[in-house]
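A, B, C and D are the chain letters, set down in written order, and residue numbers restart from 1 in every chain.
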Amino acid sequence: MSRSGPVAAYGPILAVALLLAMLPVATSANTILNSMVMALLIALAGQGWNILGGYGGQFSFGHAVFFGTGAYVTALLQARFGVNAYVAFAAGIAAGAMVGTILGYLSFRSGLRGSYFALVTLAFAEVFRILANATAFTGGAAGTLVKLDVRPENFQFSSRAVFFWIALGLVTAVMLGVRFMERSRFGAWLVAVRENEDAARALGVDTLKVKIQAITLSAGVTAAAGGFYVQYFLFIDANLAYGTWISIEALLVPIVGGLGTVFGPLIGAVALHGLAEATKAIAGRIPGIDLALYGSLLVLAIAFAPNGLQGLMAKIGRGLSFGRAP
Amino acid sequence: MTTHRFGTTRRQVLLAGAGLAGTLGMPGLVRAQAAAVKVGVLQPLTGALAQDGQAGQLGAELAIKAINAAGGIKSLGGAKIEAVMGDARSTPEGGTAEVERLAAENVSAIVGGFASPICLAATQAASRYDLPYIVDVGVNDQIVSRGLKNTFRFAPGSSMVSGQALDNLVKLNDAAGKPMKTVVLVHEDGLFGSGLAKLLQAELPKRGFEVIDTIAHPTPARDMSNVALQIKAKNPDLVIPSSYYGEFVLLARTMQQQRVKPKGIYAVLNGAASNYRFVKEFPEAAQFVIDTNHWYDPRNATAIALKKEVEAQGKFFLYNVALNYSAMLLLADAIERAGSADRAKIIAALETSTFGGHIMPYGPTKFVNGQNTGAAAVNTQVQNGDIKVIFPEAFSDAKAVFPVPA
Amino acid sequence: MFSPEIVTAAVLNGLLTGAVYALVSVALTLVYGVLHIINFAHGATLTAAMFAAYVAWQAGIDPLVAVIGLAPLFFVLGYAVQRWIIGPASHGEDRNILLVTLGLSIVIENVLLATFRSDTRSIDVPYGFSSVDLGFVFLPMPRVIAFGITCVVALLLWILLARTDAGKAIRAVAKDKLGAALVGIDVPHVYAVTFGLGAACLAVAACVLLPSYFVNPRVGNAYVLVAFTVVVLGGMGSVPGAVIGGLFIGIVESLSGLYFGESLGQLGIFLIFILVLLVRPTGLFGARA
Amino acid sequence: MSGPLLSVEGASKRFGGLLAVDGASFTVERGSITGLIGPNGAGKTTLFTLVAGFETLTAGTVCFKGDDLGRMPPHERAKRGITRTFQIVQPFAGLTVRENIAVGAHLRHAARGEALARAEAVAKRVGLGDRLDQPASGLTVAGRKRLELARALATEPTLLLLDEVLAGLNPSEVRDIVPVIREIRDGGVTILMVEHVMQAVMSLCDRVFVLAQGRIIAQGTPTEVTRDPAVVEAYLGHGAAARLASREVARG
């Protein structure tokens, strides 16, 4: 991977994106499109997490803080100040990134790592949730509603396919960006920080700066997922924005798909989403059975594919090629 | 635009089907072949709101059973109603995903939603297909104020309920000789609690009450001791709580432990005071608590029979059951009058509905901008282990105990 | 702003609430201290224990009696889950442990949901509404009992860790698992024992909590974030730290709830949490990481 | 240019009650290989980390090219040209040999292609040229030592700090790597090494400083230093020098 040319590096991403882009042509079933939009949204949030957690080795339990900030800024700028949706969306990403910078500065400067960093992010998300729930400006507990006005200039579309393409575009752009990062000095330094901080410092890597840059990027990407969520549902409240669900989904998909890989979050999101739909279809009417099944399969997956799905596929691939050898 | 084309195509097929039924005009033949009308029942069956969702689903199912047993939709040749269940998983995303699935399964309308965030997302998703959506509970006023043509709310919204709560309180207090003057508001800081508290804070003083404290608490709360202590210190005549089930149970129990005994507890849209589980588990703490809430009409024979049926299943007759039961009947009436499973025609029929065959203490149904203006909340009071309607008198089955005897 | 009586009462109430926090946190810190993992299934285990106590109560057994059977039962369950599920499934990798416990918590919560449905249930024990009257404040009996039992459990745990061979082995593994393995300690066994102890603590917490609280399939989560705060405050892995931290947080929460409102009271906890992490991540009460 | 490349004046480091380094002063001349030796626990590694910036001085100064480095963090020092290796090797285990070395090369080469090319060249210099695409975790101890060296070298340092780079190697491996170190110096890199393997010190170092109990007790060429009674005492205990001396006298 280290010496591959640009075609080998970026080609597969574009190919996958093009293939996926055909989906609305192949099926007009909005059930599938809606499901895929949600999967892409989670893949986007997860890719954000992956930049910091997968490449930088800093596990966050509180990416909701970025998702929620992106969501709230996107929603509030429109609802309160009548700002154009696209501008609000961009501002949401910027605000999320800024929160990332601040959070990163505070915690990395204090030398927080591992479980401690994970916990501090969790706590930040919780503080934001409580504040958003209690502040009148955010609409308090009633949440904030973006005015329903389905026009392309409002980032609102009557067709699920358009949302799908936008989500796909965002995910693809970020994947290309992550691939570019992988192949840059910053990427090399970030991975060095993950592998061994002291060694990285000895080699002239400003580890604090690299980590802060990484969390800023990471936060911006996850905030984009939040902003997109708002445009898709036109509603946000404190529990949706800053609840633990998104923190968990965001970390789950890259880990399941393949940590620190460009495709990991997308593979994880599609797989987990598919798993959830499948268990739901199998489980029948007793509430909870489907999720219990989902949880069990998750545990089994970790037991038998500890390096994520990509690791599993690689293992199977190796097994096959060994099998073919004379 | 793909979706719209798709929706239209499906509608045309349905129209053709209905037309065929009409031209044949032979009831006997048609009845044998009448295709069932699919109706979506969307409830949060899993997650935080599953208790309410399951009760709502039960109500809708019982209604469908009753409609089909009575011969189905007569104008469609006795077509049966077929429920397609959807689990909103207690989240807006879950609700949206299920609306998409229900729409793809060709339902003619959707009933349910329960929580406001779910209703907001689900009605919006349904509006893409001009799919009629009857909100069962979701009290957020914005659900019907967004101008969605497909959205109808059978039950009162929060501003209606709180307005009625205020009016009823004044009337109750006047009738008892104005024993209540000072009030402490306790509310959860969640979806409806804070808004309600704000309104009460503004309105109560205008009606002769003095709000001496407003105490917010989170959901879930782990401890209500402080709230009870503060109430004790303020010693109000009346406590007005609006909280979810668990928190109100904690509050009521803690108040009893701390020997805090106001002259009345007057709840608004309370999770517990209209819940038989609370009444059964803590008869002492629940005694004489008044709630302003959705409730069935206790004088309605159907409601009484239905309550027996539900309780025979070992379940509680929560208001969700009665509301969804009624909403489903309302929908069936609209389909009957539309004489079609076509979505647009059902919407038109709902818009002109005057349906009165429900089991709620409402007048005839009349939708204005999607809100049933005939809807009303009533006052219930826990009396000796049962929940009685005490106000308005037209629907009451017990007299109010107000103020509570010391 | 408030009379001294109310403030004193709030402090006492906070102390009583804090006792339960302490118990839940001790379980968390014990597992963290030895296995160095964050157990995502902590809340779900507490919920499961509360349902177990609820079932016992329906069978006519008071939770305070049921605890005698439930604590050993949960010890065995905890042991088994760590030894035969979490251990093997996680291949010793931290991130896998995280995922396995996350998966387990989803399973536990939803099996409970499928079994008991989502109703919020509570029990009405005979002493449920009796109080200890201190003249200016009534202390609810169930919580006074909870406080007493917490103290006993903390003491027992301390004796176990400090005075027994099993305790020595646990401490050895906590300090240096490689070294412990070299001197012949069965590390997976010690891990499982620790996990079992944690689960047993949760069973006790569940039994003392149920008479004054309620139970539904998500109830345990309300205690998890607080437990994390307590554990961080007391120093991750420090049992005495968790006890003191639990009581301290109970009081802080109670007082800040009184002065700043209940909703913001919880905010106070998290601000303390963040501050401690940023300024002194090893905890206020010593315990070097 | 005049003056030593590195000069440490009165460096002290206190950890709680322990004074690990106590007023140590020494200099490293340009183009030299300077050794820092001493018995276990003498404070060599601490002094070393002070120079590299991983610890901050309690007292004293570290001057590089005449500038006081003060509390400059390690990565800044690396930019100035001071790079260290670790006694316990710290490879980026998940990366290949090439990627490992490229991290170092990136300090002076922002472009990835350049850094990778540079990494390849450095790998060849230290004898890792045939293992470029192996994962670092798969290397032998000797291989990892070379990798440690290569990574540091890839930063194009002026002063290379080697922390027991020969420890844990067998004699033949030591023989293989000694010329590599000498070549590095011949290529214009000044080297300061903490070392235990005396054979290597004797053959490599131009000048040696001996540290005992946090203080510099002797300095000079390797031969001079090994004859210094203070050094012998520090290594072998009190009175050892006198005993050795008397034995030599008797033999002589």
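Here is the rule we use: contacts are C-beta pairs under 8 Å (C-beta built on N, C-alpha and C of every residue); 3 or more make two chains touch, one makes a residue touch a chain.
Everything numeric in this text was worked out from a predicted model, so none of it was measured.
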From subunit A, which chain is the farthest off, judged by mean CA positions?
D
Min distance from chain CA centroid to global CA centroid: chain A
Subunit B to subunit C: how many Å between their CA centres?
38
For subunit C and subunit D, let me know how many angstrom lie between their CA-based centres, rounded off.
50
Intercentroid distance (Cα basis), subunit C paired with subunit A, Å
32
Which subunit D residues touch at least two other chains?
none
Which residues of subunit C are in contact with two or more other chains?
110, 113, 117-118, 263, 266
Multi-partner residues of subunit A (each touching 2 or more other chains)
130, 133-134, 287-288, 290-291
Throw together a list of every chain pair that touches.
A-B, A-C, A-D, B-C
Help me check something: in the complex, which residues belonging to subunit B touch subunit A?
1-6, 45-46, 50, 54, 85, 87, 91-93, 96-97, 100-101, 103-104, 116-117, 120-121, 124-125, 127-128, 140, 142, 146-148, 188-195, 216, 218
In their shared complex, subunit B is touched by residues of subunit A numbered 24, 28-31, 33-35, 38, 130, 133-134, 140-143, 145, 147-148, 158-161, 233-235, 237, 240, 245, 280, 285, 287-288, 290-291
Can you list the subunit A residues touching subunit D in their complex?
2-3, 183-185, 188-189, 191-192, 194-196, 198-207
Within their complex, subunit A touches subunit C through residues 59, 106-107, 110-112, 115-116, 118-120, 122-124, 126-127, 130-131, 133-134, 248, 252, 255-256, 259, 286-292, 294-296, 298-300, 302-303, 306
Which residues of subunit B touch subunit C in their complex?
46-51, 54, 189, 215-218, 220-223, 225-227, 229-230, 232-233, 245-246, 249-250, 253-254, 256-259, 277, 281-282, 284-285
